[in-house]
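Each chain gets a letter, A, B and C, in the order it is written, and its residues are counted from 1.
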Amino acid sequence: MNKILEVRNLSKIYGPGCPQCLDSTGPESDTNLCPHCRSVVAIHGVSFDLFEGEILGVMGESGSGKSTVVKALYFDQAPSGGEAIFYDSPANAPEGKHDKQHNLFALNSAQQRWLRNHRFGMVYQNPNLGLNFNISAGGNIAERLLMSDLMDYGAIRERAKALLERTEVLLSRVDDLPKDFSGGMQQRVQIAKALATQPPLLFLDEVTTGLDLSVQARILDLILEIQQELKTAMVVVTHDLGVIRLLTGRAIVMKYGRVIETGLTDQILEDPQHAYTQRLVASAL
Amino acid sequence: MNAMNHTTTAYNFGFLDEYAKKEVRRAILKAIAIPGYQVPYASREMPMGRGFGTGGLQLTLSLIGPDEVVKIIDQGSDDSVNAVNLRQFIEMTCPGISTTTRTTECTLIQSRHRIPERPLTATQIIILQVPYPDPLVVVEPSEDKRKTMHGEADYSRLLVKLYEDIVKFDEITISHRYPTRINGHYVIDPSPIPRWDVPKLHDSAALILFGAGREKKIYAVPPHTKAEPLAFSDVPFRVEDFRDAAGQRRACARCGSKDSFLDEFVSDSGSKTYQCSDSDWCDGQLLRAAQAQGEPA
Amino acid sequence: MSYVAIKGGGCAIAGAAAVTEYLRTEQGLAGGAGGPLQIEAILHQLRHLVDRVVSEGGVYHPQFAALAIKQSLGDTLEAAFALRAWRSTRPRLTATPPLDTSRMRLIRRISSAFKEIPGGQMLGPTQDYALRLLRLELMDESPEAFRAMARTWLESCPEARLPDTFPKVLDALRMEGLLPPITATLGETPFDITREPLIFPVARSAALATMSRAETGSLLAIAYSNMRGYGDVHPTVAELRVGYLPVLLPHPVTGELTEAGEVLMTECEVVAMFEPAVAGGKPVFTIGYGACFGHNEVKAISMAILDRALQKGMQDGPANPSEDPEFVLLHVDGVDSMGFASHYKMPHYVTFQSDLDRLRTTQQKSGDLA
């Protein structure tokens, strides 16, 4: 299997930072707030690999830094340090538009935007972040297609409809505003939008949190189907062990900004090594 | 008359001090070098209201020389109140220059809302007055963010607006200020000219300058530069339709022209007549018709 | 057939100017009783109007401000505008060094932070505590009574020698370590808004200069939004001072700083909620600064509050409109905003024709569908 993403020593510190920040925070210190300079060490030393078509889980409680990881990779927030290499598959990338290998944080903002629009997709917990509520569901998908220079109205419309159909949004609602949709439907539109450019890499940040259980199950099914059909690699961020169990093959566990355990999902859930993971798994039973 | 003299002698040729004119000219050069890019400049207060053409006027006064022949238009007409006002001011502060209403005779045109029907030449410069320089303002209120979007040629949100228009109305509803991409990168607000005038920006022989006084920006479409109105490949850009119910192109009630932008007039009885918006064009058509019939003009 | 509707613009403009001028001089008809308004009378009796116009016009020229008030029939927006347009014709020849406002020749100075301040509180001319009752006796004031009033006040005024400088209230707080240290280095060139466009993010000096010549009502409205809930500056007026500030310029020959004149100014410094400590420091108060030409206290206070709000917005991101530099600074200029509001009165025939075309086409299309 080919590697699609390689993350090394990713870190993000909010605040001025000081020489004692790293030693004074993390799971041992039981905080991510530096007592010396009041900076928040949101993540530090996060490293992992992701392979084509694979789903990797990032789990942890709120404040563990798990969302910060995907926000940094999707260029929503610039990290304070670390490196990430995206290995684009030449088969998927449009002619002349790929370097094959992108050192994500060394790119300029235009290059980052290009990758974001063409090669990555993101589904946020809060649909407000992923969707423009003032334009129609179809318009939201059109926006992403227009970013990748598709300029034929008819073709854009057909593609938007096909995507909404694939994500099981009623076609009669293609021209309605997402703010009038239910939470589950909003997530489906977000997924359709993220998939519009057929990206090889998708980030999912707590996508089922706050939805009814039956709605959750159908969204998770949809994500699995898409992964099987399109072979999209995904990083799934969640605090929900059920989501981790259902979707992911491998997982990393985070606490106070650091990775404390990493391995095959089955292994982590059946035989957790770290005391914190053991408590997490036990509490979910 | 004495009072008038008292007022005028206090001012430099072209009203602005020479430092200010130089600064404006530097901004113009930059604008020409980067077609469609909005160059910020320290717009001066002019003695007429912001929104009345103070940006265009600063360009005119910075470029004007003693042997300039200037034409001022508003709504296509040389005689509308604002055009008269600007012309009088230029005549007052630039002694020695001449003014004209004839498109063929002028070297410098300052215009609001129209580009003359007669194609301009390489020896002419047209300056358009601009209320809103940034086409992205409809989708992004922050100037800081818009600057990045322009830099990256990120116009997808503007294009989505066109998409939504077609979804809702089966038409692109932008009537004037039609967003136009210059030289394949920057999208400009071409000032509130009607769509009818947008094709005149493309490959123009004359230099086209845009001045936004209140918003403090100058931009340019240099001669023979590509200017493409934003549209979809299967939903093309369309100019105003002047056909009547029977599909016949309406003619100007005065000169009979069938290839000019028309103003609509409603009479007291409610009936409508149409006339050329460009008054010099209309006069020219009449003159030509008269000459063709061998009558004195 | 004549060209419709837009002929005769020149005549109409001349007529409009003439009738406006008639309104200005109309009083002359009444048996010669009404004479022209004297510039001196405006300077003295309508001094707050002059103060407002020099401040919003951004030029300290009280005589021309009075003239502008006279010719605009008392419209402050128009008067400030005329002053600014005049300024456009004048080159910038030199700039003063930063002037020390502790050297102001004060006419008024108060602090709401302390009962006693070094140098003392000085109420000076203020209407703050006046009862806003109409003084009907002024309806028909006789010249004799008018003259007697001034003379009596002057004669009864005790001789007192005021010191040349008054210490700043903020200096005392700074000595105690309650304020952030001064970080800006002396000699840093302030942003000149008359020569450079605002490109965001802007320096604090650009924000201060923009607010200093802002339209008073606009500034007050946005500052008020911050005071009453769309913001949380909660200021205390450490010091408000009004007085004549000596203007120093380098002597053309010797280069030595020489007093070239003085300008009447209002300055306000507010102290606001304190900030958590940055690394290695203690929490301190934050400061807002306001200053403008003329005696305009409400404007100086509004500016100080907005200065504080904008600093907060620049640091943490704006949480409300008054903390957003673009929102505040691009919407407070009287010349810009009044000009644009007025421009809607100009003809928009062409654009409206174009609007009609779009509406008719879409109406027709929806008719076809129905």
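The working rule: a residue touches a chain if its C-beta (ideal position, glycine included) is under 8 Å from a C-beta of that chain, and two chains touch if they have at least 3 such contacts.
Everything quoted here is computed from the prediction, not taken from an experiment.
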By Cα centroid distance, the chain farthest from chain B is A
Hey, which pair has more contacts between C-betas, B-C or A-B?
B-C
For chain A versus chain C, what separation do you get between their C-alpha means, in angstrom?
51
What is the distance, in whole Å, between the centres of chain B and chain C, each centre taken as the mean of its C-alpha atoms?
34
Cα-centroid distance, chain A relative to chain B, in whole angstrom:
48
In the complex formed with chain A, which residues of chain B make contact?
148, 151-152, 154, 156-157, 159-160, 163-164, 166-168, 232-235
Chain A residues within the chain B interface of the complex
109-110, 113, 117, 132, 135-136, 138-139, 142-144, 146-147, 151-156, 175
Chain B residues within the chain C interface of the complex:
10-12, 15-20, 23, 40-52, 54, 74-77, 79-85, 88, 112-114, 131, 141-144, 147, 169-171, 173-177, 192-196, 214, 216-217, 240-241, 253-254, 261-265, 273, 275, 277, 279, 282
Residue numbers of chain C touching chain B in their complex, please.
1, 3-10, 12-13, 81-82, 84-85, 87-92, 193-201, 326, 330, 335-344, 346-351, 353-358, 361-362, 365-366, 369
